[in-house]
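Labels for the chains are A, B, C and D, by order of writing; each one numbers its residues from 1.
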Amino acid sequence: MASVYGNILKLSIFGQSHSPAIGCSLDGIPAGIDVDFERLQEFLNRRAPGRDETSTTRRESDAPEFIAGITNGFTNGAPIAAIIRNGNTRSQDYDELRRKPRPGHADWPAQVKYGGFQDVAGGGHFSGRLTAPLCIAGGIALQALEARGVRIAAHIASLGPSRIEDTPLDPMKPNEVQLAAILANPLPCVSAAAATNMRACIMEAKNDLDSVGGVIECVAYGVPAGLGDPMFDGIENRIARIVFGIPAVKGVEFGVGFGAAELHGSENNDAYRVEDGRVCPQSNSAGGILGGITTGLPVVWRMALKPTPSIGRHQPSVDLDRMENADLVVRGRHDPCIVPRAVPVAEAACALALFDALLEADGTSTFTHQTPRAE
Amino acid sequence: MASVYGNILKLSIFGQSHSPAIGCSLDGIPAGIDVDFERLQEFLNRRAPGRDETSTTRRESDAPEFIAGITNGFTNGAPIAAIIRNGNTRSQDYDELRRKPRPGHADWPAQVKYGGFQDVAGGGHFSGRLTAPLCIAGGIALQALEARGVRIAAHIASLGPSRIEDTPLDPMKPNEVQLAAILANPLPCVSAAAATNMRACIMEAKNDLDSVGGVIECVAYGVPAGLGDPMFDGIENRIARIVFGIPAVKGVEFGVGFGAAELHGSENNDAYRVEDGRVCPQSNSAGGILGGITTGLPVVWRMALKPTPSIGRHQPSVDLDRMENADLVVRGRHDPCIVPRAVPVAEAACALALFDALLEADGTSTFTHQTPRAE
Amino acid sequence: MASVYGNILKLSIFGQSHSPAIGCSLDGIPAGIDVDFERLQEFLNRRAPGRDETSTTRRESDAPEFIAGITNGFTNGAPIAAIIRNGNTRSQDYDELRRKPRPGHADWPAQVKYGGFQDVAGGGHFSGRLTAPLCIAGGIALQALEARGVRIAAHIASLGPSRIEDTPLDPMKPNEVQLAAILANPLPCVSAAAATNMRACIMEAKNDLDSVGGVIECVAYGVPAGLGDPMFDGIENRIARIVFGIPAVKGVEFGVGFGAAELHGSENNDAYRVEDGRVCPQSNSAGGILGGITTGLPVVWRMALKPTPSIGRHQPSVDLDRMENADLVVRGRHDPCIVPRAVPVAEAACALALFDALLEADGTSTFTHQTPRAE
Amino acid sequence: MASVYGNILKLSIFGQSHSPAIGCSLDGIPAGIDVDFERLQEFLNRRAPGRDETSTTRRESDAPEFIAGITNGFTNGAPIAAIIRNGNTRSQDYDELRRKPRPGHADWPAQVKYGGFQDVAGGGHFSGRLTAPLCIAGGIALQALEARGVRIAAHIASLGPSRIEDTPLDPMKPNEVQLAAILANPLPCVSAAAATNMRACIMEAKNDLDSVGGVIECVAYGVPAGLGDPMFDGIENRIARIVFGIPAVKGVEFGVGFGAAELHGSENNDAYRVEDGRVCPQSNSAGGILGGITTGLPVVWRMALKPTPSIGRHQPSVDLDRMENADLVVRGRHDPCIVPRAVPVAEAACALALFDALLEADGTSTFTHQTPRAE
């Protein structure tokens, strides 16, 4: 059940980098959600490659064809299904890879698991291209959440070996200036200076036939208190389960995250106060989650992405046919840094996790019939 | 489906800190696993409280009663069920908490979610005590994995505000000296000096009526290549989903983890070489996982635990009945640092995740009938 | 995931006929359900053995001990867990069965599946005794549904080789006289005459060292329209999945069921009319379900139970040790007919299926916070 | 999670009768299965409409386009995805249905559940057309099972108000004459005479603007003993859960099924004898399943299909806009009897259920690496 996610929602992602098409089905989505296709396409464009010299030169329009689940612009209660045709593939680039597994890629474990039957072209089902259908489903979840007052934003928190840092997003309430800047800057950063420096870092790696990684921070504002469950279906578990489905992610943390290990309890505990007759945490070390359940403050999390494994340098590998050492030069068109394009993917993943939890708490019928959340 | 984990295995954990008992059922466990109860109890004792002045003074024997699933010392194919009676509870300690949510605890989100029906005594179902049944199930999974050549060990990687660091576990192959030291030192550390320093750090926090957190590293040796699945059921996803079920965990990372964000691809990629006719990665930045699937090298991961939220100091909270600000002093017996006792919990969680993936790949009948893994 | 049921609810059943205890955990149950323990015990007593000479003479009190999930008489949002101690076991009765599989029992396929590690005493995990924890969970679901206006009743529709038939339950609306009669008659029948005749049939089989089967009809009144899902999570699928978990069930049908195969469409289609400003089907061939979704009429279904396989006669079997033919006489205490005791089990199974579907549609938070269903 | 099926396999079905396309994804399918596309198309043709005057005149080629999961004719381990374009739709036929729910169809409960957002054209997601993707996935499962020695065949067991009966399939071993006859006769029957009589019955109903139902029997030969699980994941539960996903199914039974309720235990129990050094049941009342687990004899089950609800006669319905009674004449092209076309659907459903159970028992890696079943 590798490529299926969710409790109420059942997102199934299919496709390989060079198969006729990629796509997804999204079962369990309530009827009556108003889908704005134009905004969805704008969202998908933020992930699409080929728009900037920091990303791969493979150009793909990423225009989904919806084949089911939407009638007259509204979800109709049946599973949503959408596909994106693959074009502009150059499979000949990958012939050598049948024999020589690329360091840092899934080639070798896939060879063991699938016994040689796996599709190696372009990374097959392991390709970062599979985040496009994740963004289709996530983009719709984002719109559904927005109708409930939830807004999700991500940005590059830090990038590269010199750890260029962006200004963190406000963990207490949405800051419109920050949110606008992320969409306006040349890279999705709050700070224009950070964006400029990160861009230079990526270009330098590209020129060196190398690659860099980074950390993405994502915040969900307006999430009601009381969502999520104890133990294995907490909001952290749900987000982590989907986020590790994004290629290259090697770490996930919530609130102050790994930093919490270096605080005293007296520093890390978020105090409560009454404000306007409501219980309000006064800080957000917890990242909006305690015991797996939302506190009413923004949900704050970060994910670490490793540097793209496909680099143009000579790398030590093996020849599986001859069972001998063999060097490899990865050809094809690759991103020197996947982090900028992964920013909307983080938003999509977060939206799917939270929307699933919201449906589980409030019910699908409640959603369709537009009854507001009783809290 | 909060407290249920697994694809083939279905671990259900039940109980509250002060309910008559806590326990678990473990469905899907193959028949024919030889359960060594003595070793299991030794494993549980590593988690049990009250054995050292760095932990809570609440003493619990944590001796499970097995009520189903084991016949003549072997699993019989039916779900395993075990309970641990709760004793030595002092519920009067918790009366004030009905009104005043403890900062850093699940009290407040639970109040919103459960509308006041939740069991507040001792943290209820959110209590760290619920890791005892996790260790029962995980302890059996550890024994089943050992029979297949898999060994799992964890230790405190770093602790406290001054970030006292232990020697990392060897990420390439098991080091017997390291593994023995963890069990011999006063705290589960590879380095005796680190153990001593960490112990002092915890005692200092205790004397200050405060608490500290830390990072635990866990390594699974002997995991065959080819386990796990792409996207949402990769080994990372599986481990993360169970690990965020451990109270106080705020971050999870694999291999070099967040550090990968600061490496170049040329540094982070693990080269392949042929050794003894087999494909061998030459380093383990990946933590033994690529594309969600094991590479044949040890699976390496870390989790960050926040400082225990229960501290003896005055903390700002609210009175929910009067809806006004109110200070709180958490009474009762609490751990100034939960990290040492969480070390076997990390091993248990890792074992359950890997055993579940192994059963999915190799089948339950294959396991019962003792056919070795065809790889 | 053999003994786990449900989408939102996760019912885990554990135990063997002669293990120290049997029990269940019920995860996903909302907080705030008022549990009437006295009524629950009355419900369990309807299933318990030893109260009538038509059933086994093994006497068991079936008094559950609740070890988690309920505080002050209300569900607290944590998983409910309950156990029933096994007593009065006579395992020596079953020694011969290790070698000689009983015809009609799971002994032989269990031997193949579990490789000899299975618990054979009393049928192990395959025992009808495992319906006791199903009734604990189902009894609570029944109470939760009643608070929403849903009432579930079952009776013996027909019994034995001469097909003694009871009066069917009204498929359009609850008939109080019928519902009271089921509880008052010596067997759970609408008609006193049918109950008398069925009783005689069972006693005749008992005296002949033989057994008889029967059909149970179950009706859920007051189920709101719009529950359930298309395809694989329709109300039929959900009920069938749990009902085939009851030992001895060999068939399930809804509405006119297999009889629908002998009707013309013009006879089988339930006409609609407007009554009191509402859409009302005028008949209920559909058993209250179309396309997997409830129509607003009662949900009507039947299950066929085979005659108890344990009979006192000589039966042809094999000796597995010697691999030769061998006759078998099943000793121990057995029901000559399991049908009467299975009537509350049908109600319990139906309640769990419908409650799970209701929670999925309306949400767990909606339930806890007592918001009525928006329809 | 309405339209998703399976434990290891995750079949997701999407599409509506008149959406741009219908299709499925099949996650969890092992790599290395040799897919014979020609045989698959022949299998799909058995379900496709418009080939005989007993079925609807809507002609659809049902030629799937595989967009993922297959490389060079073998499954590659990634999810299989396939779509079938919808053509030849006449949506204007369905305009009246927005206001007037068709008796016997899902129109009315769908209106309640989806609040008017559902796609009513052609029955939307509730259409029998959605069995086409079920047959794509099931056809591949059939081929995978055949490679393991499992053969599945179905036929019309009885049809219509006068209950025209076909010769039952041999429940002990495959009979090649029977299996060939089913494919050769004008309707899928063992007996040519039965086929002729059934055909006449359907044509009579058609001429009367009415419809008829029937019962389909399906047998799986060669299923190894020991497959399936106790309680809720027995083979009966698994088959029932998928079979009730086929539109119009109102009952499912195994072995002698409802007939078991009329047998004595001494008649219903299948005796064991040793044959050729193996344990062999001597009859098959159990339908090859005891305690949810296969016995080694063929798995035998039947499903009852109601008469097609779409009939050309005037039917009493309501006008939802005016909330008043209103007659309805269903226009469009419809099958006077869906039973013949549902025969391959039964085989597909059975294959998916058994293949999923086989993968769970033996493991996906075992399958890919072609290790035969250790039994």
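One rule holds in what follows: a residue touches a chain if its C-beta (ideal position, glycine included) is under 8 Å from a C-beta of that chain, and two chains touch if they have at least 3 such contacts.
Fair warning: this is a prediction, and the values are worked out from it, not measured in the lab.
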Chains touching both chain C and chain D: A, B
Maximum centroid distance from chain D, chain identifier (CA atoms): B
Distance from chain C to chain B - Cα centre to Cα centre, in angstrom: 38
Gap in Å, rounded to a whole number, between the CA centres of chain B and chain A: 26
Length of the line joining the C-alpha centres of chain B and chain D, rounded to whole Å: 45
Touching two or more other chains - residues of chain B: 1-4, 7-8, 13, 78, 110, 113, 125, 226, 230, 361, 365, 369, 375
Interfacial residue positions of chain A with respect to chain D in the complex: 1-4, 7-8, 10, 12-16, 19-23, 25, 27-28, 31-32, 65-69, 71, 74-81, 83, 110, 113-115, 117-119, 124-125, 365, 368-369
Touching residues on chain C, where the partner in the complex is chain A: 7-8, 78, 226, 230, 359-366, 369, 371, 373-375
Chain D - residues contacting chain C, complex: 1-5, 7, 13, 101, 103-106, 108-110, 112-113, 125-126, 130, 158-161, 163, 205, 208, 210-215, 225-234, 236-237, 240-242, 244-245, 247, 249-274, 277, 279, 281-282, 285-287, 289-296, 304-311, 313, 315-318, 320, 323-325, 361, 375
